Amino acid sequence: MTELTAQQVQALIREGLPMAEDLDLRIDQLEPEAVLARVPFHAKLVRPGGTLSGPTIMALADAAMYAVVLGRLGRVEMAVTANLNINFLVKPLPVDLLAHARILRLSRRQAVCEVELYSQGNAEELVAHVTGTYALPLA
Amino acid sequence: MTELTAQQVQALIREGLPMAEDLDLRIDQLEPEAVLARVPFHAKLVRPGGTLSGPTIMALADAAMYAVVLGRLGRVEMAVTANLNINFLVKPLPVDLLAHARILRLSRRQAVCEVELYSQGNAEELVAHVTGTYALPLA
Amino acid sequence: MTELTAQQVQALIREGLPMAEDLDLRIDQLEPEAVLARVPFHAKLVRPGGTLSGPTIMALADAAMYAVVLGRLGRVEMAVTANLNINFLVKPLPVDLLAHARILRLSRRQAVCEVELYSQGNAEELVAHVTGTYALPLA
Amino acid sequence: MTELTAQQVQALIREGLPMAEDLDLRIDQLEPEAVLARVPFHAKLVRPGGTLSGPTIMALADAAMYAVVLGRLGRVEMAVTANLNINFLVKPLPVDLLAHARILRLSRRQAVCEVELYSQGNAEELVAHVTGTYALPLA
């Protein structure tokens, strides 16, 4: 296994997930245990009333989980989301949306992850909180 | 409150959610307690390997929950997703994806919903199962 | 693998889970894909206000999931709960609480289950709805 | 509203929840935003194989969420669990089980909480992770 850079993980996610390309999804930071991902603010993503939609938030959370798995394990392209649970907490602001993902538990068969999502500049007020499980291909 | 037709609910969702327009989301059937929603198969939604992505499935599930709430309560545009839990079960086939949503419990403050997602022609094998809560505006 | 009877599954659960003994947990019906489990009404389980507590409801749901896995796979004593998501819908009545569990998806590595919980005589009004995953020992 | 002490919250939970008394549940620390709760190790709670059962872990998590709500809001005895999602991560050790609960988001109608559970002396390895929602009585 070779370690992947943030750029490589970003490219893998965009290749694998057409929606990530539409969202202009970016991986800002990649560490062995944590990832910071971003959806830049674009007017086309915004619902009437001025906020990012729930599905956009879920897509970012899912991509951030995938990124943290790739960052930890390398190129495991067969990893798939098995479960995702999201609580929406406050409306996002009309700015970039950030997702900080970390691995809660890694076993041979799955990675359980947590993602905290927040509006840029407002990290202390979570927009949403996610836990989820990626199933890993058995070696 | 006036009852909404499937067409009206489809239009409300597409106006309120840019991603629904991108997915060409449709409301096939609308009843007081249940909804059948659909994402037609489009090549652009497909991941390498040939299946609809997780975020597409979540977006359909969320829209189906919103539709069943609108179908029951009429025009409650301030209803927002509070929680969504999804289990991904099998890969979707390269056909239309259907979502059958129903209300498990409606109270003054929220609607708890269940959504069963399956590939067209294969209703007995669930692609994903969702439960979620829509918070309702307090009268 | 030999098939287990409802009585055998009930005994396995009570041996494995001291709380099930305290709750006088019973397996009423056992089929390959579904189980009906019961917590008989006992005054000692009741909170002030007269209803079964949340943890009692969760314990019944977890046991019903375990029972449906045992009913399908036989004696897999190493199966463990990996995830459980519960929505509490209405307060239970002061009668027996029933749990109808079924398997949504069985794969080599896990069983995803759904449990509907309701007060005896009131099956059309769910007390709680649960989805959960049992991790299976890899052969 | 008068603030409650850890002892008062512990007493309220034990009065309201017979299972908490059986588990000898304790509130070690109570702060406006966070709580540390404990189930002391007792042999009678242990499954064959030597670990605390899933329902015991869920009962502790639920009590810790209730405690953090009481600690923040004072005596809101009508608060009830609306949703609880738990991921079981590693088996607990044969020692006291601790639960650190905090409020992710408090609104007029609900409190969304997170609970990290771990074996005493092993805080860096989570036994389970919980998110959940308490519905609050509307003023």
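In order of appearance the chains are A, B, C and D, and numbering begins at 1 in each one.
Just so we're on the same page, contacts are C-beta pairs under 8 Å (C-beta built on N, C-alpha and C of every residue); 3 or more make two chains touch, one makes a residue touch a chain.
What you see is a predicted model; the values in this text were computed from it and never measured.
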Exercise. Subunit A-subunit B contact: same residues or different, taking over half shared as same?
Worked result: same
Problem set entry | Chain pair with the higher count of C-beta pairs in contact (B-C, C-D) | C-D
Exercise. Centre-to-centre on C-alpha atoms, which chain is most distant from subunit B?
Worked result: D
Seminar exercise, completed: Per the C-alpha means, the centres of subunit A and subunit C lie apart by a whole-Å value of 33
Exercise. Roughly how far is subunit C from subunit D, going centre to centre by Cα mean, in whole Å?
Worked result: 22
Seminar exercise, completed: Chain-centre distance (mean CA atoms) for subunit B and subunit C, in whole Å, is 28
Problem set entry | Set of subunit B residues in contact with two or more other chains | 82-83, 85, 87, 133
Exercise. Hey, which residues of subunit B end up touching subunit C in the complex?
Worked result: 85, 87, 89-90, 104-105, 112, 114, 126, 129, 131, 133
Exercise. Taking the complex as given, what residues does subunit D use to touch subunit C?
Worked result: 15-19, 22, 44-48, 53-56, 58-59, 62-63, 80-88
Problem set entry | List of subunit B residues in touch with subunit D within their complex | 82-83, 85, 109-110, 133, 135, 138
